[in-house]
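Both of the next two complexes hold chain A, though its partner changes from chain B to chain C.
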Partner chain A sequence: MVAPGGRLMDAIVETFRWLTDAASWTGPRGVLARSLEHLWISLVPLASAMAVAIPAGVLAGHHRRGQAVGAAISNLGRAVPSLALLVFGLLLSVRVLGLGFSFWPIVFTLFFLALQPLFTNSYTAVREADPALLEAARGQGLSERDVLLAVELPVASPVILTAVRITAVQVVATAPLGALAAGGGLGRFIIDGFGQKDDGQMLGGVVLVAVFALLVEFAITRLERRVVPGPLQGRTDAAAVVATGRAN
Partner chain B sequence: MRKKRRSHLTVAALSVVALLATACGGDTGGGDPGAGGGVEGPTITVGTVDFAENRILGQIYGQALEHAGYDVEITENIGNRELVAPQLEDGNLDLIVEYTGNALRFERGGEDVEIRDEQEVYDALNEAYADKGLTALRMSEAQDVDAVVVTKETAEEHGLERISDIAGFEGTFRFGGGPECETRLSCFKGLEEVYGLDNVEFVPLDVAGPITVEALKSGEVDGANLFTTQSAIVANDFVVLEDDQQLQLPQNIVPVIRQEIVDAYGDDLVSLINEITTSLTTESLTELNAKVEIDQEDPDAVAEQWLRENGFLEE
Partner chain C sequence: MTDPMIRLDGATKTFPGTSTPAVDALSLEVPTGEIVVFVGPSGCGKTTTLKMINRIIEPTGGTITVDGVDVRDREPHLLRRDIGYVIQQIGLFPHRTIAQNVATVPRLLGWDEDRTRARVDELLVTMGLDEELGARYPAELSGGQRQRVGVARALAADPPVLLMDEPFGAVDPIVRGRLQVELLDLQARLRKTIVFVTHDIDEAIHLGDRIAILNVGGHLEQYAPPEDILREPATPFVEEFLGPERGLKRLALRTVADLGELGLGNCVQADASVEEAAQVAAEHQERWIGILDGDRLRGWAWVSDLDGARRAGDVETSLFRVALSAEDTLRAALDGLVRSRTGVAVVLGPDQRYDGMITLARLNQAMVS
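Here is the complex of A and B:
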């Protein structure tokens, strides 16, 4: 047996070498191109899941019904292991819809994965709005629509945005799975490095995915500060505990 | 009743799961314990690479040894050669089933090997193994060679018969294979370096598995790396392009074992293994593969049936 310490050092050196080699970064299969793919396979499902789950959650929270149905549907995406979702995405994309391998299987997977935290948090955030506040708004003669748009939504916005941030990080970090089904993105380096016994490439891919996820987290945190109404800032993370709970 | 002929995509999907299992080290499975009288000595750990044929072969040798009373552990689906072969050297595995040419190339660090004679390749392999404490036992006449495969339509449309013909392919020839294919001389790297093709592009898929077959069928790639004993070739009417520059070395099936195990058990063990090896043929391998890949039978059940038919499990 080789001393594990020696191997670890080798791996670190290899990783550094791979990451600093210009050839790793350029070309249609370099880090830059793969990062763009990664962004794309994360953004499409995240944006679609937001478009579906946030309005659904907000409306369900406002009317205080449909929660059970919505939660049941969206929870499926979380209760089922991501790998099984990928299998489902693969079948859906290739067999049912004929959309091929490289892009859609992982996009479907991440879409289903993203529904639950977005729906549950949107619902909870709106429902938990201070009843006194709503009573005051209705007492002033605001229509239900105005109550929703001018009171409930702003009050709920920090929690919803936190859910978006946490979901985005999860989507970005799960996207490498797609490489198992012949997909692109940064996961390619991990799978290819593993297959080619190229530790530098494999661990380099791991580092890149982690950095990518941190950048996404950072970017959305900045966005939160701009979008959330001033007085409501700061109550975000405490209220969004639900977002991190899996299959809750 | 076993469900026959499930769709390829279901298989593709399941293989994604298998891939992950691979990464985690695979499962251990054995035949029936306590069948034989029990031979004193070290446990023989049989390891297999993650594709159907190698799993069947691992089960064949493993079950036969177990039945003969040796203490055997079978670890399936470990990964590719890059992962499995070093385990043998490190002593985590004792027996693997190899293919002479690719094993030799691997031992020489992926460099080209000039020789093409079966016996010479085998001898060179044993030479390389000698100072690693490994031995390649008798090789089989059965061979499983990497092949460049296209669909019948592609072959007819572009007039492809030999691998060299790819040079005349209009546009880029997208070639699919497992991730390691890209850097292997016997695979994609050989197309560029030995055939000198500059209109080929590599598309990472799975190792000659269902995703590759589906990608080829659906036209996602123009050609792909499959193995000649693979049932999918006949089942889908694929065309194997002739290897006119002799990129491929002979790939006879050969069990590779740690010398320590041979020393511990002696001739009885070696002659049993050799007997099995001699009974294997390329045709029977293709049939065994079809049972696993198309009929969805389990490798261990297929292996057991073969051993029974060939008189290795009688008592």
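Here is the complex of A and C:
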């Protein structure tokens, strides 16, 4: 007779066995190689989205313009599921740009995924800077450029960095979808394990994705402490970060 | 008179989407080296007027000149580097140390490191702030300290003009009083041209060399030294705005020294005869007499107690409990006078030297003349 939970126990044992098998880790399809791929397919879209969305959000916030655009992006970003984004990424890569499967579909997907929280939070963080602080800054004779770079940006930096962290975790955790479009990364273990009815490999992949996400979170938290001005640290998580929750 | 530092000529501000101007063709001159206080009820345009001077608010009409130059002929951020600016919320940069905050304008002007540091240290001392506060962040300071830092930051590049928008409005009354006294001390040394906005008429009277009382729409009801405004309010609006106790407020503006020579008053030397003492008291229509030892005031005695004594100084005297000095206000003199059994306030000079006494009649004469 099989005890209730026996299947679960089996799965855990198999996962453990797969994770501790040296063969799982090495070679071009091993965990190490897939982790590097995972890092790459996350980093490229995240960095590109940061390069676009943060300056755009900061400038829009500084000029207090683009409220309507911001709200539209924000709402659209939240409403569209990641899977739909993947379909969009696929179409864009394969049909429109002719870049094929594997790498670009998931990169486009994650890029679009990351735009919304980065833009919305950068915009909000700058726009909600204390008006009295800005008036005092202008009153001392700071130019508009100085106001933006020396006051608004540092004051907004905790919220922006927090948005980067949360977005990065979201990107890393969504990257496995890429395996559906023949992409690499840790998602391969989940998709392949499922296809091969190899529970150990599949669940091992899930564990690895979770660990990967935690490591990213940890690394960016460390970065935040270095980038955010001392007296502004440690008061963002509660105060900030609108609209990163989304339908998946 | 030298040229005024600030001149408003028909200054007007109509905010977008409104038809009535917030400030309608206001003209006045702020003399160099004086504190001018704009005071009035909410909506009188006092803050708008102040902010038009450094173009935080752009005027929509008229001309404003600072030191002879039309403010619209200068880049706003360059104009503002020559005009210190202090606001109620202070607006210190939270991510910068106190020293960095104070160094804001010197940095913008490209001062070198040594000069900037020396200036920051000097200002912290001037504002009565511990030098070690320089390394702290704004969040670590009390409200009063932050406001002093705000003033230090505004003064950093030694601008000739200082604009202060309700700077002491957010601190408690005790700290406010202290900051007001400090500002007057500072002004006695620096002689800046200061425009100060408040809604508190008592603050205006305390600080202003001149007061501009504004009514809704930036209408100038009266522009004069506080003494003149209290003595002769130009309009019923001013009279109402000044509130009750105008006489007391005027007394608070003047000091014992302003009364000039007080004379000996109802006093005799201790070795005077009893008859002489009685006669002096009678001349002053008093039933008591002050007893002097040379230039020291021993105390006072009832004339009736002198019966049977030979000299005025032979009897027990009571002490005058309230003694004023030359810097005390006439309001303090009145307070001392009404609390005293003898109905006078005694004035002592350096080393407790007796300088005379103030009577109600003397106060009254000073206020109505």
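Note that in this section the second predicted complex is superposed on the first by the 230 of 248 C-alpha atoms of A that agree within 3 Å, B and C clash if a C-alpha of one lies under 4 Å from a C-alpha of the other, contacts with A are read in each partner's own complex, and residues count from 1 in each chain.
Criterion: a residue touches a chain if its C-beta (ideal position, glycine included) is under 8 Å from a C-beta of that chain, and two chains touch if they have at least 3 such contacts.
Quantities reported herein were computed from a predicted structural model and do not represent experimental measurements.
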Chain A as common anchor, with chain B and chain C clashing or fitting: fit
Vertex chain A, arms to chain B and chain C (CA centres, degrees, nearest 10): 160
First (chain B), second (chain C), both or neither touched by A:Asp192: first
First (chain B), second (chain C), both or neither touched by A:Asp146: second
Touched partner set for A:Ala173, first chain B, second chain C, both or neither: neither
Minimal inter-chain CA distance - chain C and chain B, angstrom: 48
Contact footprint of chain B on chain A as seen in their complex: 1, 83-84, 86-88, 90-91, 94-95, 98, 100-102, 179-182, 188, 191-192, 194-198
Residues of chain A touching chain C in the complex: 130, 132-144, 146, 150-151, 154-155, 229-232
Chain C - residues contacting chain A, complex: 54, 56, 76-81, 85, 87-96, 104-105, 108, 137-139, 150, 153-154, 163
Footprint of chain A on chain B - complex, ascending: 7, 9-10, 12-14, 16-17, 19-20, 23, 79-80, 82-83, 90, 178-180, 182-183, 203-207, 211, 214-215, 218, 220
